[in-house]
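I've put the structures underneath this note.
Two complexes follow with subunit A in common, the first pairing it with subunit B and the second with subunit C.
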Partner chain A sequence: MTNRRKEYSFKDVVYKVLLYGIVCAALFSVLFPLYWMFSTSIKPPQKIFSIPPKLIPDEISFENYQRLFEVMPFLRNFLNSLIITGGALILGLSLGSLAAYGLSRYPFPGSRYFIGLIIVSRMIPYVAFVIPIFLLTTNLNLIDTHLGVIFAHSIFVLPFTIWLMKSFFDEIPRDIEEAALVDGCSRLRAMLIALRLALPGLGTTAILTFLDSWNEFMFALVITRTPASQTVPVALVGQLERPYQVPWGVITAGSFLFTIPVLALGYFIQKYVARTFVLGW
Partner chain B sequence: MVDVLLENVTKRFGKVTAVSNLTLEVKDGDFMVLLGPSGCGKTTTLRLIAGLETPDTGNIYIGGVLANDLSPKERNVAMVFQRYALYPYMTVFDNIAFPLKIRKLPAHEIREKVRRVAEQLKIDHLLDRKPRQLSGGQQQRVALARALVREPQLFLMDEPLSNLDAKLRILMRTELKKLHQTLKITTIYVTHDQEEAMTLGNRIAILNDGILQQVGGPLEVYERPANMFVAGFIGSPAMNMLDGELIEKNGKFIGDFGIISYPISPQVAKECSSEKIVLGIRPEHINISEKRLPGGFKAKIEVVEPLGREYVISINADGIVLTVLTKLEKLVQPGDEVWVKFDEENVHIFDKKTQKRLGKPTE
Partner chain C sequence: MARKFRNLYLTKKERFGIYLVTPALIVLAVVYIYPLIYNVDLSFSRWDLASGIPKQYVAFQNYQNLFSSETFRKVLYNTLFFTLVSVPLEFVLGLILALMLNQDIKGKNAIITVLSLPMMIAPVVAALTWKWVYAYDYGVLNFLLNRLFGMEPILWMSDKNIAMYSVIIADVWITTPFMMLILYAGLQMIPTELYEAAKVDGASSWQMFRYVTLPSMKNVLLVALMIRTIDAFTKLFDVVYVITGGGPAYATEVLPTYAYKVGLKFFRLGSGAAISMITLLVAAILITIMLRVSKGGRS
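Showing the complex of A and B:
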C-alpha cells in the first residue's frame, strides 16, 4: 500500500485561509474584550490607564478584587442575581413548558397564529415593556423585591421558552404518551413522561433562559432600589456614578467574577446549544 | 376476556368522517382483524376502543359496560403500537414493569411477572438493555410483553408487524397466533395487509372510508365478498372485474360481459338496481389451456410472472385484460394464444350501481 497525501489546489488553500481568517477575527472580537477585562482586573489600579496600554500586565495585583468586596456588597449582589435567575428559571420553565405542551398536543383553530404572536412579542424591543412592567410591579407592591424582578424576567423569557419547548415536544412521538395512558398513567403523568423525553431540550432552554436572566440589566435597574435586591449588573453600573473617580479596576474584577458562571456553563453545554440552533430544536 | 360492542359509533375530525355509524361486535376470545386501506378508519376505531379518542355519537361497550366516558386506564385494555412506543430512557425490564408499577404492585410480584412474560416471549436475556440497543423484532416483543404483563381483558394491536422485514413478519405472525391460542384474550388487530388479516384473524371486519363493508371469517369474506370493494381488496392478485349488461330475452335473463355471457337466475336478476352488472372472478378460478375448452374463449398471453409454485399470467381477450393464477403444465410465452374458461361455480355477479354482490349467476 502506498501512502498518498491529499493534494490541495490553490482554490482549496485560499478557501481555507479565508475561512480560518474569518473564524479567527470572530473569535478575537469575542475573546479580546474578555481578556482585556481580566487583564485590567489584575493590574494595580494606578496602572490601568498606563500609556502605552499593556496587553500583558508587568505586575499582577489582586487589589481590585479586595476592593470589590469593600466598595460594594458584591456577595449580596451575586446572591441576588442567583435568587432572581433561579426564580425566573423555575417560573419561566414551568409555565413555559406547560404552555408549550398544551400548544403542541392540543392545537386549536388559529394556534399557529397564536404561536407566531408569542414569537412576535419577543421581537418587540424589550425597552418598550419597561414602563408597563414598572407600573405593574409598583401596583403589586413588588418594587425593590426579588419577586418583582423574577416576575419581570419571567415575562421576558416566557415567549422564547414556549417557542423552544414547543418545538421539542413536537419532536416527541405521541405514541409514547398514549402508551403511558393505556398503561394506566394519568394525563399529567403522561405529560411528565414527555417532559422526561424532552429533557435535553429542557436543559438547553434552561441554559438560554439562565443567560437571559443572569445578564438582564434594564428591568433589574428599574425595579430594584437598594443593595438588598440589586443584581450584579445593576450594582456594577452603580459604581460608574461614583464622584471623582470611576473604579474601573473594581468594575472589571466584578464583571469577571460575574462572567465565570456563564463561561463555565457555556463550556459544558455548548454541544446542546449548538444543536438547538443548528437543528432548530 | 371480554366482548366488545360498538353501537352506531361515529367519529369526525373537522370535516372528515373517520368512522361512520359503525356497529361491530367482537365476541369473547375473538381475534378480530380490522382491515382496510390507509385512511379507512381502522386505527381510529381501535383508538376509540382504547379511549384515546371519544366518539361523537354512538356507544362503546367493553365487557357489557358502557365505556364512552371511561379513561384509557379505566378500560383495562392493553395496546401495542405500530412504532412500539417503548419508553426510550427505561430498560427493557422497566418498560415491561411500568404498567405494574403504575398499579403499585409489590416489587417481588412485579419481578416475578416480568420474568415470566419475558421468558414466554424469549426476551429474558435482554432485560437490562435499553430499547435503542434492540432490533425491530426484539422491540416488538418488548412491546408485546408490556401489553401481556398486565393480563388485560382486551388486547389492541395497531399494525404491530408493519415495521418488521418480511421474514420476521411471518415468524411473528405465527407467534401472535400461538399466543392468542394459548391465552385466548379477546384481540382486536388493525392491519392493511390482507394476507396478515386472513392468516391471523378468526373474524375480519373490512372498512372503507369509515364505513364497515363486511364482517366474517377469512374464508367467508374471500369466497362470498359482500361488495365490489371487499372482492377487490381481499385476495392477491385481486379479483378480475368485467363490466356487463343484464339482458332479458323471452323471460330469461342473460349477463353479457362481451367476451362471455352467462344465464342469470331470476332471483339474482330481481336484486339488480339497473341493467349494469359486473362479473367478478378470482385469478385462480380461471383455467387456461392450449386445447379448445368448451364454453371458453380465446385470449393472448401478455405477461408471464413465475412465483415459484405457480404463475401469474396476464391475458388479453378482445382488449379486456385478465389476471390468471395457475400451475402450468406447459410453459406459455407472451404472444401465445390460449383458450380460457371461467370456473362457473366461482363467478360472482355484482350490481354496478350499488356495488353489492348479487350472488352467483345460477344462485
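Showing the complex of A and C:
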C-alpha cells in the first residue's frame, strides 16, 4: 500500500476532534447507566451499598443472580412474560395479517376509514383504556390471568400489526396471485402465496410487536395481582416496595436477564427500525 | 335509483375483504372500541369503589371538579412543563446526533446499534437504572459530580424543585434515539445533487445546512416533533411511576400517572376516566394538527 501522508488543515483537525468528541460523549451517556446497572448486578450483595460507590467492582460474584430466584419467583415471572408476549403475538399476527391482506387486496366500502382509524389509533394515549379495561377484565373474570393481559396488549399489538403488514403486502406485486387465481386457485390459496412472499415482513412485524409487548408495563400492572400472572417489569418494580432496603442487586440482575432477549432481537432488526418509523409517514 | 340500490350489494371480492377483516374487527370492538366508549360514559359518572357508592350519572361534574382543583391544575402544568422542556432538548440532541451520523465516521453501524439501546430496552428497566443512578448515598451520579466538580450531593428524586428535571433527564435518555433515527433517515433522503450544486455555488457548511438541509427536512422535522409532543404530553407513565411515583407532593405528577392514581389507586373511577378523557382530547387536537401539517407539507 502506498499511503501518502495527508495534509490536514487546522479546520479539518477541529472538525475531526469535534465529530469524534460528540461520538464519544453520546456513547458514554448511553453506555454508562447501562454499565452501572450491569456492574451492580455482578458485585457481591454486601458491597453494593458501599459509600462511596465503587466504579469498578473489585470482586465479581453471581450471588445476586442466585438470590434473584430465591427472593422473587423470577422464573415464574419470566415465563409469564413469555406466555403473554407469545399469546399477544399469535393473536395479533394471525388476525392482523388476515385483516391487512384484506385491506391491501380486497378493499370494500368503508375500508379507507378503517385504515385511517388504524393509523390514528397508534397515537391514542393508552391511559384512556386503563380504567375500562380494568373493569372489563374484572367482569369477565380475567383479572390476574395471562389472557386478560393478552387482550389488553391487543389494544396496541393488533392495530400495529395491521398497519405494518398492510404496508408489506402493498409492496408485493399482485401478478403472482392474479396468475394463480386465473389458474383456478382459490382466493385462500392465493393469499397463502402472498403470505409466503411477505414472510420477511412478518418476521420484522413479529420482532417489533414482541418488543412492544415484552416491555409493556401499565396494563400488566393493572391486570396482574399475584406471581401467577405478574410479568417481569411488574415484579421488578414491586421489589421497590420492600421494607428496610430495596434489593438493588436483585433488581439489577433481573433487569439484565430480562433485557437479554431484547438485545438479541434488537440486533436483528436494527436496520429495519429506522425504515419502519419512516414508513408510516 | 337502480344504481343506488346496486351499491348496497357488495361484489364477491368486497365480501371476501370483509370476511378477512371481521375477526380483527371483533377483537378490536371488544378491547378497543367498547372500552373507549365505556370510558366516555364513566367520565360522566360518579363511581367510588372505595366508599361503595354505586355508579350514578353526574354529567360534567367530574370535569368541573377537576378544573377547580388545584392539584389537577398542577398536574396540567407539570405535563406542559415536561413537554416543553423534554421535547426541544431531545430534538436538539437527536438532530446533532443525526448530523453526526450523516458524516463520514468509522464503525457507523455499531455506533447506531449502541445509541439505539435506550429505545430498545424496557422503559421500566431504563427507569430502574436511572433510579439507581440517582440514589442519594449509594448513587453513582452524586459520586461522580462530587469527584469531578466537588458538588454537594443532590436529592435527585425527593427535592421538589429537582425531581422533575430528573424525570426529564431519564426520559430524554430514552427517547433521543427515536429522534436521532428518524432525523437520520430524513437526512439520507436528501438527494446529494443538492449539496453538490450548493458546493459549486460556493456555499459554506452553515449555508448548506440552513438552505439545503433544513428546507429539505422540513416535513420530517415537523412530524418527528409532533409525534414526540403527543407522546410526551399523553404517554409519560413508566418513568414517573418508577422514579418518583409522581411525588414529592405531586411535583412530578403528569396526566397519565394522575389518571391511573385517581382511578385505580383512590378508586374514584369517574374522576380518573375524566382525566384520561382530557388527555385523549389533548392528543386528538395534536393529532389533527399533525395530520394537517404533514398533509400540507406533502402536497
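One rule holds in what follows: the second predicted complex is superposed on the first by the 229 of 281 C-alpha atoms of A that agree within 3 Å, B and C clash if a C-alpha of one lies under 4 Å from a C-alpha of the other, contacts with A are read in each partner's own complex, and residues count from 1 in each chain.
One rule holds for everything that comes next: a residue touches a chain if its C-beta (ideal position, glycine included) is under 8 Å from a C-beta of that chain, and two chains touch if they have at least 3 such contacts.
Every value quoted in this text rests on a predicted model; they were computed, and no experiment measured them.
Visitor: Given the touch rule stated above, what does A:Leu68 touch, subunit B (first), subunit C (second), both, or neither?
Guide: After superposition on chain A, A:Leu68 lies in contact with neither partner.
Visitor: What is the contact status of A:Leu158 with respect to subunit B (first) and subunit C (second): first, second, both, or neither?
Guide: second
Visitor: Looking only at subunit A, is it subunit B or subunit C that touches more of its residues?
Guide: C
Visitor: Could you look at A:Ile193 and tell me whether it touches subunit B, subunit C, both or neither (first, second, both, neither)?
Guide: After superposing on A, A:Ile193 lies in contact with subunit B but is clear of subunit C.
Visitor: Would you check which partner chain A:Ala88 touches, where first means subunit B only, second means subunit C only, and both and neither mean what they say?
Guide: In the superposition, A:Ala88 contacts neither subunit B nor subunit C.
Visitor: After lining up the shared chain so the two structures overlap, which partner does A:Ala235 touch, if you call subunit B first and subunit C second: first, second, both or neither?
Guide: neither
Visitor: Between subunit B (first) and subunit C (second), which does A:Pro53 come into contact with in this model arrangement: first, second, both, or neither?
Guide: Once the two structures are laid over each other on A, A:Pro53 reaches subunit C alone.
Visitor: Taking the superposition as given, does A:Ile223 touch the first partner, subunit B, the second, subunit C, both, or neither?
Guide: In the superposition, A:Ile223 contacts neither subunit B nor subunit C.
Visitor: Identify the overlap between the subunit B-contacting and the subunit C-contacting residues of subunit A.
Guide: none
Visitor: Tell me, which parts of subunit B touch subunit A in their complex?
Guide: Touch residues, subunit B against subunit A: 50-52, 71-73, 77-79, 81-89, 98-99, 102-103, 146, 150, 156.
Visitor: Residue numbers of subunit C touching subunit A in their complex, please.
Guide: Interface residues on subunit C, with respect to subunit A: 7, 10, 13-21, 23-25, 27-28, 30-32, 34-36, 38-39, 42, 96-97, 100, 103, 105, 109, 111-118, 120-126, 128-133, 135, 137-140, 143, 146, 173, 178, 181-182, 184-186, 220, 223, 227, 230, 234-235, 237-238, 241-242, 255-256, 259-260, 263-264, 269, 272-273, 276-277, 279-280, 283, 287, 294.
Visitor: Can you list the residues on subunit A that touch subunit C in the complex?
Guide: These residues of subunit A touch subunit C: 19-20, 22-23, 26-27, 29-31, 33-34, 36-37, 40, 48-53, 55, 91, 95-96, 98-99, 101-103, 105-109, 111, 114, 120-121, 123-136, 151-152, 154-155, 158-159, 162, 187, 211, 214-215, 217-218, 221-222, 233, 236-237, 240, 248, 251-252, 255, 258-259, 262-263, 266-267, 270, 273-275, 277-278, 281.
Visitor: Which part of subunit A faces subunit B closely enough to touch in the complex?
Guide: That would be residues 173, 175-176, 178-186, 189, 193, 196-197 of subunit A.
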